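First subunit A sits with subunit B, and in the next complex the same chain sits with subunit C.
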Partner chain A sequence: MAGFVARRIYQAAIVMFAVATLTFFLIHLAPGDPFTPLAESSTISPETIQQLRRNFGLDEPIHVQYLKYLQRLVQGDLGISFKHHRPVLDVFRDVIPNTILLAVAAVFIDFSLGIATGIYQGTRSRGRADTLLSGLSLAFYATPVFWLGIMLILTFGVTLRWLPIAGATDPVIHDSLSGIGRLWDRLQHLIMPALTLGLVGAGGTARFQRSALIETLSEDYIRTARAKGLRERSVVLVHALRNSLLSVITLFGLSLPLLLSGAVLVETVFSWPGMGRLITDSVSGRDYPIVTAAAILSAAMVVAGSLAADVLYQVVDPRTRDST
Partner chain B sequence: MTIFRWVPLILASVMVITRIARILELLTGPTTSDRIVAGAAIALIPVTVFTGLKLPMVANRLGATRELGSIRTQIAVGLLMVLAGMALFAPVLAPYDPIAFVDLTNARSLPPSLAHPFGTDQFSRDLLSRMIYGARVSLSIAVLAITLSITLGAAFGMLAGSVGGVLDGLLMRTVDAAVAVPRLVLLIVVLALWDRADMLTIILVLGLTGWFETSRLARAEVLSLRSRGFVDAARASGVRGVAVLGRHILPNIAAPLIVMATLGVGQLILVEAGLSFLGLGISPPTPSWGTIIRDGQNLLHTSPWITTIPGLAIVATVMTFSILGESVQAVLNPRANE
Partner chain C sequence: MKIGLSAALSCSVLAASCDLGGGCRGEWCGTLVIAQGADPDALFPPVIQTTAGAAVSDLIYLKLADIGPSMNTVGDIDFIPRLAQSWSREDSLTWVFTLDPQARWHDRVAVKARDVEFTFSVYRDTLLASPKLSLMERIESVTARNASTVEFKFSSRYPEQFYDATHHMRILPAHLLDTIPPVSLTSHELTLHPIGAGPYRFVRWDPAAAIELTADTMFFLGRPGLARLIFRSTPNIETALAQVLAGEADAIEQLVTPQNVSRAAAAPHVRLVEYPSAGYTYLQFNMRNPNRPNRPHPLLRDRMLRRALAMSVNQQEVVDAVLGGLGEVAIGPVSRMLSIWSEDIPRIPYDTARATTLFNGLGWADSDGDGYLDRSGQRLRFELAVPASSESRRQAAVIIQDQFRRVGVEMAIAELELNTLISRVTGGQFDAFFGFRTQDPSPATIKEAWTSSGIGGANFGSYSSPEFDRIVDAAIAEQRTERAVELWHQAVAHINADAPAIWLFSPKSVAAVHRRIDNVTIRPDQWTATIWTWRVPSARIIDRDRHGSN
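Here is the complex of A and B:
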C-alpha cells in the first residue's frame, strides 16, 4: 500500500513537471508577447517596451527563460500579476477557496443526485420511468453548463426573484449580518451556481451509475444472494451497490477536469469570485502570469484529485491491495 | 425503416418547392458558393429518391437494419438530417442575411412573430437566419475539428504503440500532462494571445487539443493487437511495419474510433459554445450558437428568447450525436450491449 502511494506520488510529480513544461512552451508558441499590443500603440517609446521586457526577463534566450521559470516554480514563485501588481500565488489564494467551495457543493449534488437516479433506474431498467429518466439525464448531459446557469437565473433570479443572481455574498448587507445571517447569505448565493454545475454532472453520473448497477446485478453473487432469499432491497443496496460504487470512484477521478472546465463557465455566468472568473478576467487583460499559473494550479487540483481517487480505490477494494 | 425512404424526399421537396424563388435567385447570383448550394438543393430530390431506393440494401450490408428500426435511432437520424440540411443549405433556407441589420430603428429585439419566427436581436438581425447559419458554423467547426483530432490521435497512438521506447514515453507523458489541464483552461492558454480568431484558427486549436484520449485508445489497441496471430502472420508473409499498421491494425480499431468521433462532435459543440460564450470563439459578427447566447445574455430581462432558442438547439444537437454514438456502437459492436 505504502509502495503504491509512493509510486503514484512520483508519477503525479512527473505529470506536474510535464504540465509546467507544456504550459511554458504553449505560451511562448503564440505570436508576440504581453507587450506586443503596447508596442503597437504610439504613445509608449520603444525604449520603455524594451525596459519592460527586460524587467520581466522576456529578452533572454528561451532556454534561459525556461530554466529560470522552473527554478522559480519549484520555489513556489509563479511571478507577479500584471494587472493586480501582486504575487500570482497571493491572487490565487484569495479565490481558490471559493472555487473549492463551489466544486465541493457541485460534486455533492452531482453524485448524490446522479447515484440515486442511477440506482432507481438500474433496478427498473427498460421500464417507463427508466426511459423517462434516461432521456432527462441525457438532456442534462447534453446541456451547455453556462446556458443552464443563464436559464436558472432567468427562472429563479429574474422571474421569481427567489435567489440572488451574482457574487458569493451580498455586497451591501453581508458585513452587517449576524453569524447565521451571513451563513444564510452565503448559502443563498451558492445554490444556483452549485446546482448548475451539479445538474450537468449528475446527468453523466446517472448514466454511468445505471449501467454499472445493471452490470453488477447480472453477476453470480447477486444470483446467490437472491437464491438464499434476501429481500430485493438488501440485494441491491447491500450487495450490488457496494460494488457498483467502486466504478463511481474512478468516475470521480475522471470527471475532475470536466468539473473545473465547467467551473470556469459557471463562475463567469454568476460572477462567482473564484479561479475561473479570475482566468477569464485575465485573458482580456493579457495577464500572462495568471493564465500560466491557472493552467498549472488547475492541473495540480486534477492530479491531486485523481491521486486521491486512486488511493481511495485501493482502500475500498481489497482485491487490488495484495497485488502491489 | 420505410420512413427513411420517404422522409428525406419529403423534406427535400418541401425545401425546394417553398424556397424555389430563392434557389433561382442564388443560381443566377454572383457568388460561386451560392450557385453550388442552389444547384445541390435541386439535385437533392433525385439524390434522396436514389438513396431511398438503395437504403435497405446498404443498411443490410452494414448490419444496421435492426438498429434503424429503433425509434431512438430514427429520431436521432431524422434530427441529423435536419441539422445537416440547415448547415448545407443555409443560404437557401435563411429568410434574411444573418449579419445584416434589418431595421435599426424599428426592428430591434423584436419578439417572435410571423415575419421573424425567432424574433430579432439587439441589432435587428433576424434570429432564425442567424440560427441557420450558426448551425453551419457550429457543426462544421465540430466536424472538422473532430476529424483532425481523431486522425492525429490515431496516428500518434499507433506510432507510440508500435515504436515504443523513448518516443513512446515522451508522447505519453505529454498526453498525461495535457489531459490533466482542464480542456477549457488549456484552450484559454492557447487562445489568450490571439486577437481575433477566424474559423480556421478555432478548428485547428480545437483539433490540436482534442487528440489525447484517442491516442491513448489507439496505443492500447496497438499494444494488445501487436501480439495477435493475424499480425504475426502478416509480418511473416513480408508485410512491412507501416503497412501492418494501416492494413491490419487500423481496420481493427476503426470501430471505437468512429464511435469516439460521433460522440466527440457533440462534446465539441459544447466546448465551442463555451469558448464563444467567453468571447474566445469565432469573432463577431459571424454567428455560432455560442455567440448568439453571449449576445442575448445582456438582454435576458427584456428578450429572453435570444438566449433560450440557441441553447435548446445545442441541447438537441448534442443529444442527437450522443444517441447516434450509441447507435453506431450497437451496429459496429453488437456484442458490447449484451
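Here is the complex of A and C:
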C-alpha cells in the first residue's frame, strides 16, 4: 500500500507541474491583464498603468515571467496577489478553512443522505416509495444550485427568519460569543449553503446507489446468501451494500474537485467567504498568481480525490489490492 | 424587530455564551451593517483602485478639506475644512494650509505638516504608481513650513488648484510609515491594519467576509453618531437585499434594478435614499479603422452619418425600458453629479424621419428591399461591443439594435468578457462600444476622455476636434465659476453636435437604509463620506446597536 501511495504522489507532482504550466500560459494569453480595467478610468494615465505592469514584471517576455515563476514555485513561493497586495498563501489561508468546512458538510449530506435514500429505494424497487423518491432525487439533481440557494434564503431567511442568510459567521455578535456559542453561530450559517450543495449532490448519489444496489441484489451470491436463510437486513447491509458502494466511491472521488467549482455559485449566493469566490474574482481580474495557485490546488484535489477513491476501493474490495 | 432564530437560539440554548443585549446604552450606540457588493482591493489610499476600497478607507483617513454639497470644484469657496483648519492663497501658484491643532491620529499622535509632505511624496512616487499620480502632476511641491503649516506650490495657475491639493490625497501618518520604502507600503502590515485620523478606527478585516470599524470617540470634528460599522462582503445583490429585508443588514449603497427598488420600498423598516450618479452610459463610435488604426474608420469617420445614427436612437425609450425611471437621458459626456449638468444644453433630437433623409443624402438606401440600407452593394452595418457582465447594457444594446433596424441600420452585438472588451477597446479594435464612465467631481475629467490629448489613453474612439479642445482648455483655465460653466456648456454642445458617441443615460442611484437611522445624507462622489454624521436615536436602538461600545 505504501509503495502504491508513493507512486501516486510522484504522478501527482507531474500532473500538478503540467497544470501549473498550462494555466500559466493560458491565463497570460487571455486578452487583457490585471491593469487593463484601469484604462477605462479617465483619471489614470497610460504611464501609470505601464509602471504598475513593470512593478509586477508583466512587461517582461512571457518565457522570462514563466522561468521566474517556476523558480519561485520550487521554493514554495506562489507569488503576491495583484489585487490583494498580499502573498497568495496568506490569501488562501483566509479562505481555505471555510471552503473545507463547506465541502465536508456538503459531502456529508450528499453521501449520507444519497446512500441512505439509494439503499431504501434499492430494497423497495418499483414500489410507490421508490417512484416518489426517484422523482424527488431527479428533481434535486436537476435543480440549479443558485436557484435552490435563493429559494432557501427566501423561505428560511427572509420569510421565516429561522436561519442567517449570508456569511460564515455573524460579524455583529460572533466575537462576543463563547467557544460553544461561536461553534453554534458557524453551524447555523453553514446549514443553508451546505444543504444547497448537499441536496443537489444527494439527488445524484441516490440514483447511483439505487442502481448499483438493485444490480448487486440480483447477483448469484446474494441469492445464495438468502438461500442460506440469512436475514434480509444482513443480506443487504453486509453482503450487497459493500459491493454496491464501489460505483459510489468513484463518484466520491470525482465529487471533491466538483465541490470546488459547484461552491462558486453557492459561495456567491450565500456570501460565503471561500475559494470559489476568490477564484472567479481572480479569473475576471486576471490575478495571475491566484489563478495559477488555484489551478495547482484544484489539480491536487483531483489527484487526492482519485487517490482516496483508489484507497477506498482497496478497503471495500480486497480483490483490487493485489493488482496495485 | 423580530429576533432571528440564530440570535434567539444562540442566547437561549447557550445563555452563558452571549449577551444579546450588549452593553451600549444612550445616544451614541448604533451598529450599521452594510451589505457591500465587493471586497475592497486595499485600504491604503494611494493604491486603492476600487470604489469598495475607497468607501471604507475614506472613513479611516481624512483629506485636508472636503468638497461641499454643491460639488463645485472651482476655487475654495465651497470646500469644508477637515484636517486643515484654514487656508490661504499667497500668490497665483501657492496655497498655504494650517492644520487643525486638535487633529490626532488614532494612536493619539498629533497630525503634523510633515505628514502632508510625506503623503505627497508617497502619492508622487513613480514606482508606487498611484492611480492618482497623474491628477497631481501640476503640484510642484509640498513643503512643511513648520509643525502645523504646509505649503503647496503649483507649476501653473488654474482654478482647480485647491481641488487638486485637497481632493486626491488622504493624509498618511509619517511617524509610522516614513521608514518604509513607498513601493513596499502596499503589502506592509501597517497598511493592511491602517491607522488614520478619520472618524473611524480600523478593527479587523476578514477577507471576503467583513470589515469592522469602530468610532473614534475623540474624533476632533465631533463624535461619530454610529459606534460601529460593519462592511459585509455580499457580491450578489439579491442576497444583499434579502439581508436588508430580513433585518440582518442596514444599508445597501445601490439597489441597481427597479425590481429591487420596489421590493425594498415595500418593506416598512426600509427607507430609500435617491442620489445622483457619478457616471454616464454611452455608445462610443471609433473614428479609426479597427484593422488599420492609422486610417480613418470607413463608416464612422463621417460626421453626418454619426449624427444620423444618433437621431435614430430614442434614449428615453432605453431609459424607461432598462432603468424603469431610475435614470435620466444623458445631456452629453456629463454625469448627473457634475455641477455643470443642465437640461438646456443642445442635443441631437430623436428624429427618425430626419435620420432617414440624412442617410439617403449620404447615398444609403434600401436598394434590394431587404429592410437594410446599402450603398455600392455594402450594407450599413457595424458591431457594438458590450460587456457581458452588465445586464443593463446588454438589455439596452438589444433595444438600440431594434431601433437601428427600424431605420435600416444593422448593428451586430458582440458580448465580451469585461477584460477582453477593455483590451479590445484600448487597442482600438472596435466599431462601437457600450461604455460606462465614472467621473470625478471635476468636469476637467472630460478632457482626458474626449479631447485630442486623451488619444492613446482614455479617448478610446480617437475623437479629435481642435475647436472642442480649445473650449475645454478655456473652461479649465477660467477663474470665474459662472463663465467656466458657460464654457463647459459650449464644449458639451459642440461634442454633442459632432456625435462621436450617443450619450444614453445617467442612472439614478437608490440606496436602502434602515429607518431607525437618522440624519441620512449621501454624497454622490463618495456615498460613505457622511456616514459618520448618521445616528440612531436612543429610543430606536435594536439589539445589534448595543453590541460594541462607543
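Operating definition for what follows: the second predicted complex is superposed on the first by the 302 of 324 C-alpha atoms of A that agree within 3 Å, B and C clash if a C-alpha of one lies under 4 Å from a C-alpha of the other, contacts with A are read in each partner's own complex, and residues count from 1 in each chain.
Please note the rule applied: contacts are C-beta pairs under 8 Å (C-beta built on N, C-alpha and C of every residue); 3 or more make two chains touch, one makes a residue touch a chain.
Everything numeric here is computed off the predicted structure, so don't read it as measured data.
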item: Clash or fit, subunit B versus subunit C on superposed subunit A; value: clash
item: Which of subunit B and subunit C A:222 touches, first, second, both or neither; value: neither
item: Touched partner set for A:5, first subunit B, second subunit C, both or neither; value: neither
item: A:185 touches, of subunit B and subunit C: first, second, both or neither?; value: second
item: Touched partner set for A:299, first subunit B, second subunit C, both or neither; value: first
item: First, second, both or neither for A:264, with subunit B first and subunit C second; value: first
item: Partner chain in contact with A:286 - subunit B first, subunit C second, else both or neither; value: both
item: Partner chain in contact with A:274 - subunit B first, subunit C second, else both or neither; value: second
item: Touching partner for A:158 - first (subunit B), second (subunit C), both, neither; value: both
item: Which of subunit B and subunit C A:150 touches, first, second, both or neither; value: both
item: Subunit B versus subunit C, judged by how many residues of subunit A each one touches; value: C
item: Doubly contacted residues of subunit A, that is, touched by subunit B and again by subunit C; value: 30-32, 150, 153-154, 158, 268, 284, 286
item: Complex contacts: residues of subunit C adjacent to subunit A; value: 2, 4-7, 9-10, 13-14, 16-20, 22, 31, 33, 35, 39, 41-42, 44, 47, 49, 126-127, 129-135, 183, 186-187, 192, 206-210, 212, 230, 232-236, 238-239, 242-243, 245-248, 389, 417-420, 422-424, 426, 435, 437-440, 445-446, 448-449, 454, 456-458, 544, 547
item: Partner subunit C, residues of subunit A touching it in the complex; value: 30-33, 36-48, 51-52, 55, 80, 83-87, 91, 94-95, 150, 153-154, 157-158, 160-173, 176-181, 184-185, 188-189, 268-271, 273-274, 277-278, 281, 284-286
item: Contact footprint of subunit B on subunit A as seen in their complex; value: 14-16, 18-19, 21-23, 26-27, 30-32, 138-139, 141-147, 150-151, 153-154, 158, 257-258, 260-261, 264-265, 268, 279-280, 282-284, 286, 291-292, 294-295, 298-299, 302-303
item: Footprint of subunit A on subunit B - complex, ascending; value: 173-174, 176-186, 188-194, 266, 270, 273-274, 277-280, 290, 293, 297, 300-301, 304, 307-308, 310-311, 314-319, 322-323
